[in-house]
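Please find the structures below.
Next come two complexes, and both contain chain A; in the first it sits with chain B, in the second with chain C.
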Partner chain A sequence: MTMEGNEDYQQGDQAAPDAVREYSPAKHVLRVFLRNRGATVGLIILLVLICMAVAAPLLAPYDPFEISENLMEPPSGDHLMGTDPLGRDLMSMIIFGSRISLQVGLIAVGIATVVGTVFGLVAGYMEGWVDNVIMRFMDILLAFPGILLALVIIAVLGSGLFNVMIALGIAAIPTYTRLVRGSTLSAKQNEYVMAAQAQGANLSRLLFKHILPNVMAPIIVNATLGVAGAILASAGLSFIGLGPSPPTAEWGAILAQSRQYIRRAWWLVTFPGMAITLTVLSINMVGDGLRDALDPQLKE
Partner chain B sequence: MRLKNWHVLCVSVLLVFTMAVTLGCAPEVDDEADTDPDEEPVDEPGEGGTLVLGQAEEADVLHPHRTAAIAANFVMAQMGDALLTRCPETGEIEPHLAEEYEVADDGKEVTFHLREDVTFHSGEPLDAHAYERTLSAVDKEGHGQGAARLGPLEDIHVEDDYTLTLTFSEPFGPLLLNLTSAGYQHAMDPTHLDEYGHDDYGRNPSSTGPWQFDDWMSGESITLTRYEDYAWAEYFYDNESAAYPDEIELRYIEEDSTRMAALEAGELDICSVSLADLDTFKDHPEFELVEYDREGNCSNLWFNHDQEPLDDVRLRRALAYGMNKEAIINAAIDGHGEPAHGILPPVMWGYYENIEDHAYTYQPDKAAELLDEAGWELPEGEDVREKDGETLSLTLMVTPDQEVMRTSEMLQAQYRELGVEIEIDTYEWGTLMEYLSEGRHDLSIVGYSSTDPDWLYQIFHSEEAGVGLNWAFVRDEEMDELVEGIRYTLDEEERREYAEEAQIRAIDNAHWAPIYRSDQYIAVHERVEGFDVNFRGTWLLHDVWLTE
Partner chain C sequence: MTTYIMKRVLSIIPTMLGVAVLVFLMVHMIPGDPARAIGGLEADAAQLEAIRQDLGLHEPLHIQFFDFVTGALRGDFGRSFSTGVPVTQEIFSRMPHTFKLALAGISLSVVIGLTAGVVAAQHHQRPLDNIVMVAAMFGVSMPSFWFGLMLIVIFAVTLGWFPTSGSGSPSHLVLPAMALGIRAAAILARLTRSSMLDVMKSDFVRTARGKGLSESVITLKHVLRNSLIPVVTIVGLQFGALLAGTVIIEQVFAWPGIGRLLIRSLMARDFPMVQGTILYIALAFVLVNLVVDLFYSVLDPRIQYN
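Coming up: the complex of A and B.
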């Protein structure tokens, strides 16, 4: 009996005529989003990056880890972005590096979103001592700057790509917890939640079926922007030698390896730097567009 | 609040391209601009000014018995004097603070007669009692080089105010050479030891050298001021009295590119040049480059003999044959170096001239044969060799230094061709040393600098495994005998024979695979006059003066 009303509504929605379907929230969001030129450009760049990551072995002209005798050659027809001090093709490295960066960004944010959302939902819905315990713990985590917390976690776990993802994920948890808790506090006052409660819905059903869908918008926006932050942070951690061990095509690591040659081989730092900048910028623009599109106050 | 996304995009892309263009057009030096043909050369040394020396690594503690850091030794060497010194050209041992010395026939007693006119920075005279106090503070557990370099010292006896006798349990071959180190063997000022104790002396040192300690800003610089009463410079200096500049500032800049940028901008007067930036300073109108040979190999591959599978000499030899040193030199140090064939460098006394006949040359086929012979075979369609179901994967532990990282990655790629997988783990130097002492590694890359073949004792004697620098964990009785011969023999010819045999044995058994020696350069700004280095690259600063 618990969810019938809701399911009826969904069925009704699916069966609705075309004229009604045009007002579906998803379409509305998409329309607002696409009207934002910055967001659209961001999305296109991001899609290109994702394609690049997926098709890296097909796109890369060389094996990214194959050393050659062409040391530090400037960009040319053979090597569009030049070669690094060990004679590896920089473009191939950057293309393969997109896999690592997107992987780090998505997994770190995945960890933070899942854990943070669960904590936030529980804290916001239960209130009382549960809320207090969770939120005081989050306050402790928040007391450290994110990157410092990540450094401490890496110091404990050891360096490496996997640990970087965990560290960045853990460091971002409090943000999501606070965000979701706040939304949950207001969402749970809604009549449909009370109705579900009255019908005897259990806790997980209440949290995940009734409240979660209604607090998703800020999570999506925050997670999108979080991916950019995580990519930037992981590049930073790699730069100071805490990232994946060599050979690696991680962008931050390429920058770190190249910094000694910054004065005579501009391509070594420019291209990985551009890769990071473009990725972070595009994700930020997408996140920005999503925020505007998902903001109920901006609805026409 | 909505971001103006278009603007952000445009500005960012513009920024990136501006950066690219700026870097691409690195400053072209105008040869004509700064040289004035009419300018008269100034010959008379002038006093005053601050001499700024650029350094990559900061000193840890300025206590001779508590540090093994080259950076600390450098500072202490400016503040102190040694009993003996070395001829800058030949390396011969000459008197300094000890005007005369005698070695007893059995080699176990050495008597020194001190100069009588020497005073500490506090004004106290330097006498045999002060030396006794310094030397009796030797703490063998402290792992300081000052202590390590005194070997089997048993007793210190003051004969009279200016005569001192050192007694050893065994004749100690490298003693006299070790006593030429003005840093590690400087006499500690008794008044400072009274005031600060040994624990704080390291931050408040005082000795007899031309420069006295003034200030230490951690992470930034150490400042030394001129000691006005100094009048006992080493015999080879023209300047017999106090130094010319008012101050020396040792400026610590860890990052190579930052340090080189500071040098080029004229912020540093003298600084070692990182090889990646060598071209910038070659033919630079404002700098003179001084080249020297380093007494040591810059890069060596250490095998851990305690760990399987490197306990098998065939495997070690295979890795030595599989190493393409020329390619590593080109990639890691821009081609500015030469392959190292033996453990010791040609510039060091005792170097075996024909070591190249024993050395391993790049022969990947031979390496593969040896690996097959040792039972490590490459299964069809696989990249990594296997033996009894285990893959041939080795851990290479190194510091994150960029030169070392490039060498490591080159080796990783070269060994991958052989079917050997290398995992590179990086650690800070302190942690790495701990791990190497514990023998956690399969392989490591470590360079060194030393003065005497006694170094072979420190790195190959079985008793040094786990406690000293025998990070290769060599436990070979014959090698022990040879390096003991180097350490405890006084006769030069005999010592040399021991040293040569030890060098051959180390290479035949592939205890290390030496990689390269890089060229060493120091850039000296044109406002600095009188700078020189000795035969092993030690900076000779006492004749230095500043023209502006």
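Coming up: the complex of A and C.
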């Protein structure tokens, strides 16, 4: 793959200016990405899931909150994934749940990426005491393992979907700060950055126009995998009762409500988990593919 | 080297102090009045005030913090608001359960992860490799608490091989340890495989092969040994992550560890207990990371410290 990548560059270097214009890094990345079977499969699954989330009202066979007399029915022709103790159609709940999970993942990672990147750029570019203050604070946040920090933040903010997003977002900030700081430290040694400095470019221009594009690749890869992680974490938080309050179609919350019926209704604990796994799996496959395409050195 | 170790060990102090400040502040920002939680709905203003006096909640925040830190340094986190038991005593009676679970989880994941990784590397780009890698991909994508629920459905409810929840006998440990370790096993399998594939390309492996050593000797003595350095680090870091993972897994299996204690205390606004559990988990995590770092520096002499 790298060989072919080089050929692209050489063509660009030697051929006429037209050919130079034809070479586009984005196209190259896309080509390497699509050549990766796992990544392509992941992307297709993910696109289907996104369509499902968008078209949920059209696709769901029933109203997900409609209570019926068919209590706890096993999967059948009428209810493909069975019904819950209130007679609600599980499949409809799961289809609507995809909206929540994708939203939580995207917004939590959005918060973490933006805040974490700004801190990382500033810390890496300024160095000295600013860097020290920011990074020691990040060390403190990193001393909370796993979902512990998110757990405490939710305890403070109160449970609920929006607070879960904020908590997971804050908890993920240190990862991006560390990552971006490291890349910034090396990116600022580039001659064009020094040239821009010498020309008197202001700080935000230096950081966002000259340094940021150089550190984008690892951010994109981490953010993609981060969405998967955030979906997993939010399911876990909902499961222990810190997510959105019922009635809700959130996958982790459905699992929490279903747990007490584990002896009688296997479908109630099986399908929501499959939905989470499939979503996270597809995003992970896309993330792995992006990593291989964007940064061949990181390839596993 | 010695200065590096000293520096690294001492760096724990400001970090833990920061953690203490953060935990204290966050816990005191949790909405809800603990005096009301203890006194109940019937308590009048005077009774509530008495409870506050009793717990030291009437003091200004900085005094409360000072008391908290000086107490914490002596290992005294006060008494539980809800049961009156000293926090440290309660945590110490539950800590062994959590460690047992985390240790069982990490052992299981090392055995499964390393074996799967070695097998995959030996069968590189053949069906077995693909099967292991797909399984590992599922392993990192499954919510571990859901995997736990599935284990209960299959092995406890349907087959009746293991108890659904609780603790006490070794058979109680099997399902939660599997649920807890699956993710780390998958991560280790992927890492072992890629690390082995890297080492297989190196010159000394070609030399060994040229000397006519058998493949199994090459794999075990030359490749695996040299692939283990990154693996050891990740095992350590995963152990720390497992400590946090127990918070949810303990809920699934009604395991009497500090994870369940933490959730219960959070719901009951039992501030001293919440502070104590979080600080102990964070301390354990930071110490594990420290050991991993130090171990790493001993294991790989190529790394320079200054």
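Operating definition for what follows: the second predicted complex is superposed on the first by the 273 of 300 C-alpha atoms of A that agree within 3 Å, B and C clash if a C-alpha of one lies under 4 Å from a C-alpha of the other, contacts with A are read in each partner's own complex, and residues count from 1 in each chain.
Note that a residue touches a chain if its C-beta (ideal position, glycine included) is under 8 Å from a C-beta of that chain, and two chains touch if they have at least 3 such contacts.
Here the structure is a predicted model, which is why all the values come from computation and not from measurement.
A.B. asks: Where does A:F239 make contact in the superposed view: on chain B (first), on chain C (second), on both, or on neither?
C.D. replies: It touches chain C, and chain B stays clear.
A.B. asks: A:V114 in the overlay: touching chain B, chain C, both, or neither? Say first, second, both or neither.
C.D. replies: Neither: A:V114 stays clear of chain B and chain C.
A.B. asks: Does the superposition put A:G273 against chain B (first), chain C (second), both, or neither?
C.D. replies: Both partners, chain B and chain C.
A.B. asks: Output check: A:D139 vs chain B and chain C. Expected answer is one of first, second, both, neither. What do you get?
C.D. replies: Second partner only, chain C.
A.B. asks: For A:L281 in the superposed arrangement: first (chain B), second (chain C), both or neither?
C.D. replies: both
A.B. asks: Between chain B and chain C, whom does A:R263 touch in the aligned arrangement: first, second, both, or neither?
C.D. replies: So A:R263 meets both chain B and chain C here.
A.B. asks: Counting only touches as set out at the top, which of chain B and chain C does A:L47 meet: first, second, both, neither?
C.D. replies: A:L47 sits against neither chain B nor chain C.
A.B. asks: Considering only touches as defined above, state whether A:A228 meets chain B (first), chain C (second), both or neither.
C.D. replies: second
A.B. asks: Once the shared chain is lined up, is A:V152 touching chain B (first), chain C (second), both, or neither of them?
C.D. replies: So A:V152 only meets chain C here.
A.B. asks: Counting contacts the way the document defines them, which residues of chain A are shared by the two interfaces, the one with chain B and the one with chain C?
C.D. replies: Touching chain B and chain C on chain A: residues 38, 241, 259, 262-263, 266, 269-270, 273, 277, 281, 284-285.
A.B. asks: Sort out for me which residues of chain A touch chain B in the complex.
C.D. replies: Residue positions touching the partner: 36-39, 41-42, 65-67, 69, 71, 85-87, 159, 241, 245-247, 257, 259-264, 266-267, 269-270, 273-274, 277, 281, 284-285, 288-289, 292.
A.B. asks: Within their complex, state which residues of chain C touch chain A.
C.D. replies: Checking each residue of chain C against chain A gives 11, 14-16, 18-19, 22-23, 26-27, 29-31, 137-138, 140-143, 145-147, 149-150, 152-153, 157, 164, 190, 194, 240-241, 243-245, 247-248, 251-252, 262-263, 266-267, 274, 278, 281-282, 285-286.
A.B. asks: If you look only at chain A, which of its residues touch chain C in the complex?
C.D. replies: On the chain A side, the touching residues are 38, 136-137, 139-141, 143-148, 151-153, 155-156, 158, 228, 232, 235-236, 239-241, 252, 255, 259, 262-263, 266, 269-270, 272-273, 276-277, 280-281, 284-285, 300.
A.B. asks: Quick check on the complex: what are the chain B residues that touch chain A?
C.D. replies: Touch residues, chain B against chain A: 2-6, 8-9, 12, 16, 19-20, 23-24, 26, 255-257, 260-261, 274, 276-277, 279-280, 327, 330-332, 400, 402, 405-406, 408-410, 412-413, 423-426.
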